[in-house]
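Here the chain labels run A, B, C and D in written order, and each chain numbers its own residues starting at 1.
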Amino acid sequence: RFFHRGRMAKSKFEYVKSFESEDKLLPNCWIVVRVDGKSFHKFSEKHEFEKPNDIRALHLMNRAAVKVMEHFKDIVISYGDSDEFSFILRKDTEIFNRRGFKIMTYINSLFSSSYVYCWKQHFDVKLKFPPFFDARIILYPTDENLRDYLSWRQVDCHINNLYNTTFWALVLKGGLTNQEAEKRLCGTVTADKNEILFSEFNINYNDEPEIFKKGTILLRKKIRSPNSDHFKKVIIPLHEDLISEKFWNIHSEILTIKS
Amino acid sequence: RFFHRGRMAKSKFEYVKSFESEDKLLPNCWIVVRVDGKSFHKFSEKHEFEKPNDIRALHLMNRAAVKVMEHFKDIVISYGDSDEFSFILRKDTEIFNRRGFKIMTYINSLFSSSYVYCWKQHFDVKLKFPPFFDARIILYPTDENLRDYLSWRQVDCHINNLYNTTFWALVLKGGLTNQEAEKRLCGTVTADKNEILFSEFNINYNDEPEIFKKGTILLRKKIRSPNSDHFKKVIIPLHEDLISEKFWNIHSEILTIKS
Amino acid sequence: RFFHRGRMAKSKFEYVKSFESEDKLLPNCWIVVRVDGKSFHKFSEKHEFEKPNDIRALHLMNRAAVKVMEHFKDIVISYGDSDEFSFILRKDTEIFNRRGFKIMTYINSLFSSSYVYCWKQHFDVKLKFPPFFDARIILYPTDENLRDYLSWRQVDCHINNLYNTTFWALVLKGGLTNQEAEKRLCGTVTADKNEILFSEFNINYNDEPEIFKKGTILLRKKIRSPNSDHFKKVIIPLHEDLISEKFWNIHSEILTIKS
Amino acid sequence: RFFHRGRMAKSKFEYVKSFESEDKLLPNCWIVVRVDGKSFHKFSEKHEFEKPNDIRALHLMNRAAVKVMEHFKDIVISYGDSDEFSFILRKDTEIFNRRGFKIMTYINSLFSSSYVYCWKQHFDVKLKFPPFFDARIILYPTDENLRDYLSWRQVDCHINNLYNTTFWALVLKGGLTNQEAEKRLCGTVTADKNEILFSEFNINYNDEPEIFKKGTILLRKKIRSPNSDHFKKVIIPLHEDLISEKFWNIHSEILTIKS
């Protein structure tokens, strides 16, 4: 509503409201909302993203995700790579009464509008058309399930990045056509791709930027304000391995935060 | 995905995918997706929307809705007023395999990003922060139910607009405070508000712009190209009564379109 | 509850109730509940059902279905054959607030307990163990969808009955083993099976009992009490074609009954 | 199906099958199915159940529950009192592919048919009509949630039993009418009821049978066959406190059983 809402005269049409369905999420489960770009292959072509990774595009995704986290305080960790971002809400959140549709669509919408809103801070090229994203919402009953979910996404990031890094080296530096590069990579495993990168293009995959290899983790951290004893909460980006035990030991507050 | 997707090595984490739930919508029902602005009262204050209606804001909503309809061809009619818009998809649409989450989140996301994308074509003032919208999805089994849904929204538009028109006349022209205006309107019915407008402010409510009183209906129509015999489909805005039989007789194709 | 329920002291465990989920059915749709026997192949073997059809078993199914219809007045028509029965509730029923779980489980439970309760009225052999049934609940938005559902079940009845009639003729009268009969029927169409029955066993399939070929339709009908002008509602079994228009013309009240 | 199923000719009606909805339960959660008698107040009146507790009725409920557990091996513990029974399935069960409707309706149906089937082993009076039960299915993500669920039901059993014991003492031994007894108990707490029982009827509530006060827990236990070293699994009834830590220490296998 822009301004005031008139007292609803109960019209004979009101009954249609009863066709809406409830969607209260099971309590005591981690809530994951993942947004995923629609047709970003084409979108990235049209906006001349750098290959295999466009750092501006990744920073823009991260910026949009930060906007979402600033608004929804019950998000305790987010993880993104490529054109997708996952937001994890506390197990005990009561936001919007745990109505799944509300949670999912608000996060998706704010992410989408922020992406467009922040575009020109990251790209010189004008945005040619508005991109959009779908969203899904998933429940995980245990901490282990949640960690496995995040590990799954980070493994996915790694697999795709190694593939793309090798593919575009073959095309852009090796002079292969897309089809030739695809064929060349068909059936290769991790070691094969590392070898191609190293022996043919002098690229040590390990030296690639962490943000490409690991994606971006967004966490809330308390930091001390300079020149004062006050603490404030900030959202910080990390590009680390989150599969190992070490990450969860260092950031143990993620799994234990209560409202 | 930006570029290529690597062949998925089946990691031990893959099982987490099985926690996603299905949400196939019942076949042979009208599908309504309604997007609704979050905190638009505050948003309109911050961007100094004109009261009681800001024609720029309404045109921007309509523009974003047109973007959605251009993309999703199975939307046969849309209706919007204030900060909400409803999109109706054909009963027999098989878009996204009738997966409700996909339909709802794509429409919501494209509407949201289009709103920001088109902002500066409608407003001189800079957008201060990205607005966002929730979405819901509702099924209606019969044509009658669907018409009643649209009638419900148009009645809602009317009730709110009459209230706001009177309220802001009392405040902006009558010099009342917000509280005084609220109190004055408490318990009044339609005739009372019409009378206040006419006798105190010389406003005949019937002469108010149709877009304020009726909201906006977006329809697809075939029109003949000038200087040729070709027809093309365009999306046209109407500001008419859609509650009466007349509307549905004139636009009888809405309810009968098949894929 | 057997007797009284004590005033619930709100214990700290009460919160677990919030984990239950809602399941309100979409309004204005036909509600179909179908119960289906679990492992009735084995059950019929153990209780020496006659092959290919045991009239006692069919009558028992019908009896259990009548018990269900006597209790749930919003069921307007039921259809059963073999070990399954479908119950159709009025589109506008508000029974149990349209909570799907309640509707489905009550019908299923009453059908199951009635089956055992009425067993000895139909069988001399003692019931060796309690049989059981699953249930599902399905919504149909239009009369056409509902009719097609019932037609689907009746076509299914026909196909299975023709198959079984021919199969058991080959085995019981033709002396084939089960495997030989199966092989013989593999790839045959309706005409082939009719031909086998007629030429080899002198059976004209058309002369088979209607209850075998068509299953059982249960309808509510008003009948005049003898010696009086009073009408009363009774549930009557029919063994007719319900696919044709004729059935729905004669029994036109089924689709038009309102609460 | 009684016998064979004919090869389905794909009729034009088959499409109606697509209106069925999925209902796969979230993995890694405890599954609780609770059955609950419909109108058992009336049922118990008609069959002259003893007040405040009819031991035959309780034993019959337990018998029906055992039948269910014998069939569904993934049920690790059950709990019942009065006219309700809860069945808990292993977190990792894959029974019926975790389709909730199947699980719920099969358990409910087998419980219902077993209740009728076993009636005459417990009651001399003839069963006058078939009773029936509803069922609901609830997910609990953690062991703590599950324990709290069971505690909730046992607290409920206690509260109701204390109330009924006192109520019927007042009526049957004290000569009060039902209304007078109700009024007398209005606003009383546990200590009050204990006092009434003791001072007026010389009943020490603690000496009441455990099955009345605690309900019935059904567990699977390995026992050694007499005269042999073989173990076999049996289902045993317990009437104990399951709220305390002690119960879960002794029967620690309940929460740890894996498939």
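By our rule, a contact is a pair of C-beta atoms (placed from the backbone, for glycine too) under 8 Å apart; a residue touches a chain by one contact, two chains touch by 3 or more.
Just so it is clear, the structure is predicted and the values come from calculations on it, not from any experiment.
Taking the mean of C-alpha positions as each chain's centre, the chain lying farthest from the centre of subunit B is D. The chain pair B-D and the chain pair A-D differ in C-beta contact count, and the higher one is A-D. Between the Cα centres of subunit C and subunit D there is a gap of 29 Å. Subunit B and subunit D have Cα centroids separated by 50 Å. Chain geometry summary: the mean Cα position of subunit A and that of subunit D are 46 Å apart.
Residue positions of subunit C touching 2 or more other chains: 15, 19, 21, 26-28, 139-140, 145. Contacts from subunit A toward subunit C in the complex involve residues 18-19, 21-22, 24, 26-28. Those residues of subunit B that touch subunit C in the shared complex are 26-29, 139-142, 145.
Residues of subunit A that touch subunit B in their complex: 1-9, 11-17, 19-21, 35, 37-38, 40-41, 44, 49, 51-54, 57, 67, 82-83, 101-102, 104-106, 108-117, 127, 129-140, 145, 148-149, 151-152, 155-156, 159-160, 162-164, 167-168, 182.
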